[in-house]
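Letters are used for the chains, namely A, B and C, taken in the order the chains are written, and counting of residues starts over at 1 for each.
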């Protein structure tokens, strides 16, 4: 049994979902692990991870719109407003989605379904560099 | 340290929560792992996984109703409507719940609490077969 | 590769987020694992886990308020009301957050970002003792 660690940096340009499946696939492939478990962990509380459809780009636009509606940018609703109206909604959106994802690896590849892609879900309005830690365990 | 992979297929008959705890328990038991980590991963973006109460069936009926209300079936709200009014709400409901669950295994069994059951949460109206990948690592 | 199991009990005094990062850190440190994967699993369906900001305490107060609003305590909305008005909202709040978290361990420490803390999110009004199972795998 062997372990590998890696850090992926994803550049974001405002709220929305950023596909980074290919970058993770390439790294997993280079580790030459046939069978194991991959874990992705994002080191932030105002951006998150999600697995969603990779076919119709309208899905991720609609998702971003939906999260804009359920966590409104209205400073009167929150105590924590120091970084602007998108600050507390970003924490809420993060809590409603995932900070971590684990994916089985079989035959040297992530066991994703046909339509599944890996996304960083950015919840802040200004550009950020988001750090995702990858951990692969297997043989 | 040994690893095992398995695929469970769960048949669904419309929106709702489908208990598949027993099937997972049986497989874990057959692997004869005393101590380890079990990961469940659903290969879809319109059905998800959740751990919820296994005692009063009203809980899972209320949960299903709740998710019907927070992600309304109204095509005017979404761009992605190609597969019908339950299509985009299904992606939203998936994003608000889990695609993956990991559960420690101790004394040969999943370390579930007394009232915890494993559910596939179906978010589409028509019947589906949902594929869940199981990965067990331990000794 | 070695494995460790532990159980942490977190005492709660009503709805809100309870930071237990230090207690987890201490245990991980004592295991003397340099590189590996830590999994936290809460054995309840009316309390959950989340990773959120550990700097401004207003963030977790706002989060608790938000979850109070999206899952209202109104018995007319639910079938499952046997344990009081906070019963079914607690199950909903649990389903919208996490029952399990996995965190890579590098250089002997959890790979948390600077502002990330580990919280038990209590969703019931009366005090509880919540059991979180820890599993650490590594070398």
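The definition used in the following text is that a residue touches a chain if its C-beta (ideal position, glycine included) is under 8 Å from a C-beta of that chain, and two chains touch if they have at least 3 such contacts.
Since we're looking at a predicted model, the values are computed, not measured.
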Copy pair chain B, chain C: interface residue numbering same or different (half cut): different
Rotational angle, Cα trace of chain A fitted to chain B, multiple of 5°: 120
Distance from the mean Cα position of chain C to that of chain B, given in whole angstrom: 20
Touching two or more other chains - residues of chain B: 1, 37, 70, 96, 98, 102, 137
Residue ranges of chain C in contact with chain A within the complex: 1, 35-37, 50-53, 56, 58-59, 61-63, 66, 70, 96-98, 101-104, 106, 111-116, 137-139
Residue ranges of chain A touching chain C (in the complex, touch as defined): 1, 3, 5, 37, 39, 41-45, 70-71, 78-80, 82, 88, 91-92, 94-96, 98-100, 102, 131, 133-135, 137
